[in-house]
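Pasting the structures here.
What follows is a pair of complexes built around subunit A, which joins subunit B in one and subunit C in the other.
Entry: the complex of A and B
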């Protein structure tokens, strides 16, 4: 007798963008595990051709409403690389400060609104607020602090208007940052309380062996850095496309990326496991108190890592604000120069790579964008397989819920990958 | 309690995120409306009909052409939120190009991709009751619209220009004072003149006003350093379809 089961989730909830899940089991063994991304394609890499070299930061921001700064900064890094421009240290610090705002906002959004409901068996943050009102109010205040920081430096939290090649259109006065520092000091308490809160959740066991890929820098890498990985040899950023290769699968409008032909993981777990020694101060203490070792390989515990990274981002913002003196100039000129540039940064969800080729007229000749969720799809499908094997005795509803949780662990950004997921589980 | 549904089509999620960005108001709002369907924020999905639907994103696939009609049938009031839903968004750049060629640039197997040749706003398919402009929408306008519809008044959505907002705010004109190219005179109000406040010319996130004076603005843009093709490109962004319609006679031939 053949025992067949199919699990389908037509529209994944509490993820950014449109995706579905399809799992088929035969005699309890998963035969097909697919994350289907049906987010309609928007063709950014096609319409960027022929645009002025100054435009990708504003245009690619529109790929994702949750992490527009990541797109702006990876684009700036790539085009500045092509044009041979290096940012003044003061402007680089301001860029990092803006990016910290995005980390705080995006991590707080995922922790409280998208992920925590899974651990509390509630459908959403509104339901969570019925029994955990103080926690939800704390999360909203934390998220708001991130948004205000983005508005202060970027002019707007969704698709900031103040970012340009070489720096900013305008920079804040020292006095403008004072009230922000006050809000961030309260946010630091909220972020620490968040770590303690999520560390108390009940985490399913799951240990993964995906290769880890992240950036590393003098400080915990955010706005720029060099490639670091857990197993293979690191490579310079201009060789990214030779190692991280995107392929297309019929079940998804997202491209799937592999690292030297194998599955890999980027994002909070990769960053933390590769760079945890760089966490300092209260972020380090909070990680230890939450029971995180030097590495974290259980994707269900990514919520704890995000909370620790939020503490770090708040601390780092306060440090940058404390040292802030208004830069002598708001931006450096970035005149177009024909050639190729590569840019990376650590989006809240992981490493985001941009490559631009600029022609003799200063126009974009070719663009390549590799978002974190495209890179993580193979890792997500591998986790799903493990979760299905471990949960084969669960009924369909419980197994489906577990599969959805395995996906949310990654905070997948489907609009980014356009290329994402409907869960269908076929049990045959 | 009135029911609210939030829908997504081709988009970046930024406009629906604006609702979640109402940190101070979200819990109060949830006491006033039943958030019946909001896939990005909740696993609980309540079937229609709905009193109010917020629609984000543009229509770019055959199945989405059907979905927007079904949503309209289930909704008493339908509000399109953001430039994708009101103008087709930046992905409407395909409307002026060969979509098959676009797909071949991004995808090795374009035949796996199901997409329409055009990206169109909700209003091209169904009756839309209100439109919130912007890429992204303004949080204040969203809250005012929700509050208005809850108490039964019309939302306050001023049809003035960014230029008007900017003057009212007392911001020094970046064009007059510094010769910075600015689309404020032809761009729909709503952002609060964010860019000029940051020493940047408006770049048109809210699309054109109803009667944009393009013949008056375009020579100024040339004066302030934009070439013919650059003038076209500055309008060819998030509201490309509407700016194209507004400036057809003024454009450099392609």
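Entry: the complex of A and C
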């Protein structure tokens, strides 16, 4: 007698974009676990060809309404690399400040509106607001502080318009940042309360062994950095495509990426596990108080890591604002020159790589964009397999819910990766 | 008394820009106690705009069958059941959230204009552009009628 079952989730909720999940079990053993991304491909890399070298920051920002700054900054980093331009330190600090705004808003959104309902056994944010009102008010205030910071530095909170190659179209006066600092000081209290709140949730046991890939820099890497990994030898950014290889899989419109042929993980858990020693001040204290060690390998605890990173981003914002003097120039000229450039940054969901080839006319000849969710798909499917094995005795509804939670641990951005959910479990 | 008129949409996606276009028309000749603003359907911006308002009129493009058709409905009655939650909250979800947080306006009316074209680029399609004065007039009636 064979005991077979199939679990299908036709359209995953509380994730960005369109995806589904298909699980087939035979005698309790998972035979197929597939994350089906059916959102249509978006062809960004193709239509960037022939555009001016100044355009990718604004064009690629449109890939995502949640992390546009990540796309802008990785694009700027790559093209500035191709053109041999290094940013003034004051402008790099302003870029980091803008990026902190995106981390605060994106992490607050995921923690409170998308992920917390899973831990509170509530169906959605409305139910959470009904039963945990103070928490939701706090989350909204935190998200608002991030949005405001993006408006202040980027011109608006969705798809900022003030970013350009070499810096910004305009830079804020010192006095403009004073009210922002006051809002951020309140946000720091909210961020610390967030860590304490999520640290009290119950976390399913799951320890993963994905290789970790992240950036490292003089400070906890955000807007730029060098490759660091948990097992293999680090490599320079210009060798990224030789190590992180994207391949087409039949069950998804998103490319699957591997690191030297193996499964890897990027994002908050990777960043934290590889760089936790760099957390400073109250972020460090909050991580310790929340029970996080030097590493965190349980994806269900990613909500705690995001909360700690939110504290860090608020602290960093305050530090940058405190030291701020308006830069002597808002941008450096980035004249086009033929060649190839590579750019990376740490999007809220993980390492985002851009590569551009510029021709003799200053036009983009080739573009490669490797988003974090594409890199994390194999890791997500591996987590799902472990969750299905551990939950094989659950009924279909409970197992489906656990699978959806496993996916939301990653805050996957399907729109970004389509280049993502519906769950089907097939028990045979 | 505080009334807020909110035009929602992206004016770089053709008819999706009709919400801001109607809001701009209303703002030209608007009673002093009425605040007119435009925004993306971003939840914290809407919650801020709605808080303490006795009336909120939201103008938005609709995926309807008759381009240029102007319709009025009460926000709580809008059915957006087809919308799957994603990273942003839908207008109706944001309204329900506002109710839970006591930030919902006293009354919330939605004025929709059926769109013909949600493609890329600026500018409204002819039938939708032609509907702007009628939609603005409907909004003016809402904000000036005794409640």
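Rule of thumb we're sticking to: the second predicted complex is superposed on the first by the 427 of 428 C-alpha atoms of A that agree within 3 Å, B and C clash if a C-alpha of one lies under 4 Å from a C-alpha of the other, contacts with A are read in each partner's own complex, and residues count from 1 in each chain.
One rule holds in what follows: a residue touches a chain if its C-beta (ideal position, glycine included) is under 8 Å from a C-beta of that chain, and two chains touch if they have at least 3 such contacts.
Quick caveat: nothing in here was measured; it's all calculated off a predicted structure.
A.B. asks: Putting subunit B and subunit C onto subunit A via the overlay, clash or fit?
C.D. replies: Here subunit B and subunit C cannot both sit on subunit A without a clash.
A.B. asks: By the touch definition at the top of the document, which applies to A:398: first (subunit B), second (subunit C), both, or neither?
C.D. replies: The answer is neither, since A:398 touches no partner chain.
A.B. asks: Per the contact definition in the header, classify A:181: touching subunit B only (first), subunit C only (second), both, or neither.
C.D. replies: neither
A.B. asks: Could you look at A:129 and tell me whether it touches subunit B, subunit C, both or neither (first, second, both, neither)?
C.D. replies: both
A.B. asks: With both complexes overlaid on chain A, does A:157 touch subunit B (first), subunit C (second), both or neither?
C.D. replies: Both partners, subunit B and subunit C.
A.B. asks: One more residue to check, A:29. First (subunit B), second (subunit C), both or neither?
C.D. replies: neither
A.B. asks: On the A-aligned overlay, A:55 touches which partner chain: subunit B = first, subunit C = second, or both, or neither?
C.D. replies: First partner only, subunit B.
A.B. asks: Please work out whether A:248 is in contact with subunit B alone, subunit C alone, both, or neither, and reply first, second, both or neither.
C.D. replies: first
A.B. asks: Kindly list the residues of subunit A that each of subunit B and subunit C touches, one partner per complex.
C.D. replies: After superposing on chain A, subunit A residues 11, 13-18, 65-66, 109, 113-114, 124-126, 129, 136-137, 140, 143-144, 147, 157-158 contact both subunit B and subunit C.
A.B. asks: For the complex, which residues does subunit A have touching subunit B?
C.D. replies: Counting only subunit A, the residues touching subunit B are 11-18, 39-47, 49, 51-52, 55, 58-59, 62-66, 68, 109, 113-114, 117, 123-127, 129, 136-137, 140-141, 143-144, 147, 155-159, 161-162, 164, 169-170, 247-250, 253, 255, 330, 404, 415.
A.B. asks: Going by the contact rule set out above, which residues of subunit C touch subunit A in the complex?
C.D. replies: Residues in contact with subunit A: 40, 42-45, 47-48, 84-89, 93, 96-97, 100-101.
A.B. asks: For a test of understanding, state which residues of subunit A touch subunit C in their complex under the given definition.
C.D. replies: Residues 11, 13-18, 65-66, 109-110, 113-114, 124-126, 129-130, 133, 136-137, 140, 143-144, 147, 157-158, 413 of subunit A touch subunit C in their complex.
A.B. asks: Subunit A touches which residues of subunit B in the complex?
C.D. replies: 8-18, 20-21, 23-24, 26-27, 30, 35, 38-45, 60-61, 64, 89-91, 93-94, 97, 99, 101-103, 105-109, 112-113, 115, 135-136, 191, 194-195, 197-200, 203, 205, 230, 233, 237-238
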